[in-house]
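The next part holds the structures, each set out as structure tokens.
You will see chain A twice below: alongside chain B first, and alongside chain C after that.
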Partner chain A sequence: MTPRQVLRRTVYIVFIAVVLAFFAVPLLWLASAPFDSDPGLGLRWPDWTLDNWRITFEHPYALGSLLNSIVLCAVATIVTTALGTLAAYALSRVRIPGRDALLYLLLLLSSVVTGTAAMVPIFVMMFQLGLINSQYATGLVIAGGMLPAAIFILKDFIDSVPRSYEESARVFGASPTQVLLHVVLPIARPGIATILVWAFVQAWGNFLLPFLLLRDVEAQPAAVLLRTLRDEGGSANLTVIPVFSLLYAIPVVALYLFVSKRYGFRFHGGIKA
Partner chain B sequence: MARDTSGLGTARAVGFIAPALLLIGVFLVFPALWTIYIGLTDYTLTGTASIAPSFIGVDNFLNALDDALFGNALWLTLVFVMGSAVIGQNLLGFTLAWLLRSARPTVRRVVEGLVLLSWILPSVVVAYLWIAVLDRDGGTLNALLGTSGTAWLVEYPMAALIIFNTWRGTAFSMMLYSSALAAVPPSQLETARTVGASGWQTVRDVVFPHIRGHVLTNTLLISLWTANDFTPFLLTAGGPNHESETLPIFIYQQAIASGELGYSAAISFLLLVVNLVVALVYLLLLRKRS
Partner chain C sequence: MADIELTELSTVYPNGVRAVDELDLSIVDGEFFALLGPSGCGKTTLLRTIAGLEQATSGSVRIGDADVTRVEPGRRGVAMVFQDYALFPHMTVAQNIAYPLRVRRESKQAQREAAESTAAGLGLAGLLERRPGQLSGGQQQRVALARAVAMEASVLLLDEPLSNLDARLRLEARTFLKRLQRELGLTTVFVTHDQAEALALADRIAVMSDGKIRQLGTPKEVFQRPADTFVANFIGSTPMNLLTGSVSDGAVEVAGARLVPPDGLDLAEGTPVVAGIRPEYLRPAAVGITGTVSIVENLGVTSLVTLECADDTLVGLTVAEHEEPAIGTTLTANPDPGRLLLYHGETRELLGAAAVVG
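Let's look at the complex of A and B:
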């Protein structure tokens, strides 16, 4: 190698090492602090213990908030996937006047009306309807925000399901509902699975809407409780926060590993999946 | 397409679409439109104007022009978007995509895995991770740099947020540019190498013309997301003394903390309009390319 190549190689290695450190250092805390007998904010090799876990499980709201997260996510994910699939199927198979315009409008809406830009009217609406602290209502609000993107992606998947299958099923006398349940859904399963995972991750991580709409600590999901653990008395509860962060992050990381192993990460119209 | 092969029928199709449209209408379209109306009133969370708000026309918008805090929020949002999205995520994302093409598979997998992990973790968790890194007493950054006693989030809140958001969002740009780079003809890269072009010359003259559309798409999308990002609230809550109060945080503080619902709705409406313009440009570009 010429000196020039050596230099380039060195710069390259140093750059990759710096990037690795930049991305890894913040993440390492999540692996060390939950198991440290004296967890601090700094990074250090832990003095191994599981006491933090016991204390976290004894926290009055920790497990309940994870349960709340599951309820909230289940409502948002199931509603998004079910209604999204129905709508995408109909939009894919039947020529409805103005369909293309409608699809473009949906795509536009999903990116323009974000949680931040719509927080005032949504808060006022739920406040006036007396739906503050309702987990189901909050789940529906989250679902409403995810539906346009879900329909867009699902329509792409269903468009690629060959129509000949449905035609043959029709010839043998299947009703439209049977065609949907027994022919279309099984073939569109990868698409539906994508939306399930995507919607779950989005709803699980959503902070702003539950934070606005669920003011009662009994109803709050993990995202909001985790935030309030810091505000209690001004200082951070460093015994519970690391463990709870890890507990709360595990479903997302597990899904990510599952998806990237099984399908690899892919793009669907610029929407993260 | 014209034939209704699945035998669904228009009536049933409309029935299939209606529930989804209803939810979208109630929780997306209606709030967007209602913002305009609330923004024209003096509605507040508490007090007399909370029971009987009165119509005050464009006063809220005029007040915004005079509000130094609004100007501050607008400027900080611009700084945040330029620093962390347009420059930070874009450059780091492209550089990683470009360098990792030729990296060893293990290196590539590890780097991509970490970058993606920082993107998919819930925002409350990553906020704590960075609070731990940047903390004054015992934070990891101070330990690494030997700058003990520097409270990064207090002394340099915007710089900290820009670095944080670059860390948080680079994955999207990296993946988008990875797939864009795969479409650059290898023969042209080969030619560039034989004529002895440097890495920078190759990127500028061979690669860039092929991915120009992707650069624009990517920049628009990440700018839109960054401008609407509420995660900075979890790190600094806009402080100290409004020094990191971007528009989303400003809206939240006005609406919930101060209870000025009319005023904050007017500001939200301005944010919606900016979003709309960016999204329309994006859609026009998409259409033009397809």
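Let's look at the complex of A and C:
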């Protein structure tokens, strides 16, 4: 190797190491801080203890908020996936004038509908409907915001199911429901699984809408509660936050692993196993 | 078992295209029937209208004793094999074959038995647990056939059944299909754009264009006596010679030869006519159409010889092997008796058989 190559190689390795450290340090903190007797914001070998966990479990709202998150996300995810699939199927199969324009318009508006621009009207509407502090209602609003994108992506998946498959099933006597259950859904399954995980992750991390619509601290999901985890002095509660963060991360990872194993969707590479 | 009766059937698409245009057709019970025509002639739409996948705009479809014009596809008692086979990729071969039974909610065991016995009948016994993606094209086609057979319908519809197979496999599949149809005795309608396929398989052929039937007949009739120049041109693996001329002195002059019109046919002086003769029906002879040999194409057992005749018309004829004439020599060919057909130059319809008088 020439000195020039050595230099290039060294710079390259150092660069990779820095990037790696940038992502690895927070993860290592997440792995060690929950078990440290005196967790700080820095990274160090922990002084092992489970006290943080006991304190977190005794926190009046921590576990409740995680449960709230699960309810909220389940509603949002199920509604988005179910309605999104049916709508995408209909839009894929039925020719209506201006269909594509409608889809693009929905997609464009969706970022407005649940975004900051519509904060006040949504709050007023939910208030007058008496749905403030309801996880189900908040889940529906989040689902409403996600549906256009979900329909848009799912329509693409369903477009790729050849029409002759459905016609074939129809000739063999299948009812529309049977066509959907036996043929369309199984073939579009990787797409549906992708949307399921996507919707869950979106809803799980959503802060703005739950923050607006769930005023009662007992009704707040984890993403909102995290912000209020402070000690008496007003600084971040570093006993509870690490454990809470770890717990907060688990469902997303678990769902990804479950769906990936069960339905075989892949985010990595383009190579089929 | 069922016959099919189409009465004044029209299928018009929303954009105004009359894909099937007031068509009358009866297909007999147990018949192997071909719908033949160039792409866009409405043959596939007609098949889909029989299946119920397209709604007839007017007219009626009767299968057996029932008028099924407004009946859902699944309740017509028809099974169909699609051009792309439409095998469900997420199901095994056995599940695919048993799918018609699954729709009828028959027991798992009945489904399995039906899949096994049907698969055995079609030479698929060892493949039941595979997915369609793991099969060759010919196997996929047989699975699609097996699924249609397992439905135990009275009518089998095939949309371009052989077009997705490579040339070699197509011949095997053709023989297989014909044997299967004979064994099952199902009324079978298939769509093809390949005239050789239609001639080889069908008991009767309907040649279609522009949503109408141009000729209906047995393969022999359609091949030997095309009803008009369109059919004449479409049928046959070597194109039929279509020579234009006109009537003068009660005879027709084409390519430097004089033809006598059929007996009892009184053609006015100057009537434009087209003489049609298949290359296979022309033989070297002492009198007939004379021309210079310009091209010789080897077709295997025979060779296609192109003659350049007096008025620059080209006439093709086939000659047996070892009998190919040398390029540039003069050759005279005479049609077999009754094989030279005369068509009207304007209506393009068959007038009758003619003979060459020299």
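Rule of thumb we're sticking to: the second predicted complex is superposed on the first by the 244 of 273 C-alpha atoms of A that agree within 3 Å, B and C clash if a C-alpha of one lies under 4 Å from a C-alpha of the other, contacts with A are read in each partner's own complex, and residues count from 1 in each chain.
Operating definition for what follows: a residue touches a chain if its C-beta (ideal position, glycine included) is under 8 Å from a C-beta of that chain, and two chains touch if they have at least 3 such contacts.
What you see is a predicted model; the values in this text were computed from it and never measured.
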{"item": "Which superposed partner A:Gly130 touches (first chain B, second chain C, both, neither)", "value": "neither"}
{"item": "Which superposed partner A:Phe172 touches (first chain B, second chain C, both, neither)", "value": "second"}
{"item": "Touching partner for A:Pro26 - first (chain B), second (chain C), both, neither", "value": "first"}
{"item": "Partner chain in contact with A:Pro162 - chain B first, chain C second, else both or neither", "value": "second"}
{"item": "Partner chain in contact with A:Gly98 - chain B first, chain C second, else both or neither", "value": "neither"}
{"item": "Contacts of A:Ile187 with chain B and chain C, given as first, second, both or neither", "value": "second"}
{"item": "Dominant toucher of chain A (residue count), chain B or chain C", "value": "B"}
{"item": "Overlap of chain C and chain B interfaces on chain A (superposed complexes)", "value": "167, 170"}
{"item": "List of chain A residues in touch with chain C within their complex", "value": "162, 164-165, 167-175, 178, 182-183, 186-187, 189"}
{"item": "Chain A partner contacts - residues on chain C that touch it in the complex", "value": "51-53, 72-75, 78-80, 82-84, 86, 88-90, 99-100, 102-104, 147, 151"}
{"item": "Complex contact set, residues of chain B against chain A", "value": "1-2, 4-10, 12-14, 16-17, 19-21, 23-24, 26-32, 34-35, 38, 43, 92, 95-96, 99, 103, 107, 110-111, 114-133, 135, 137-140, 143-144, 167, 172, 175-176, 179, 217, 221, 224, 228-231, 234, 247-248, 251-252, 255-256, 261, 264-265, 268, 271-272, 275-276, 279-280, 282-283"}
{"item": "Touching residues (chain side chain A, partner chain B) in the complex", "value": "12, 15-16, 19-20, 22-27, 29-30, 33, 40-43, 79, 83-84, 86-87, 89-91, 93-96, 104, 106-125, 140-141, 143-145, 147-148, 151, 163, 166-167, 170, 176, 179-180, 184, 201, 204-205, 207-208, 212, 223, 226-227, 230, 236, 241-242, 245, 248-249, 252-253, 256, 260, 265, 267, 270, 272"}
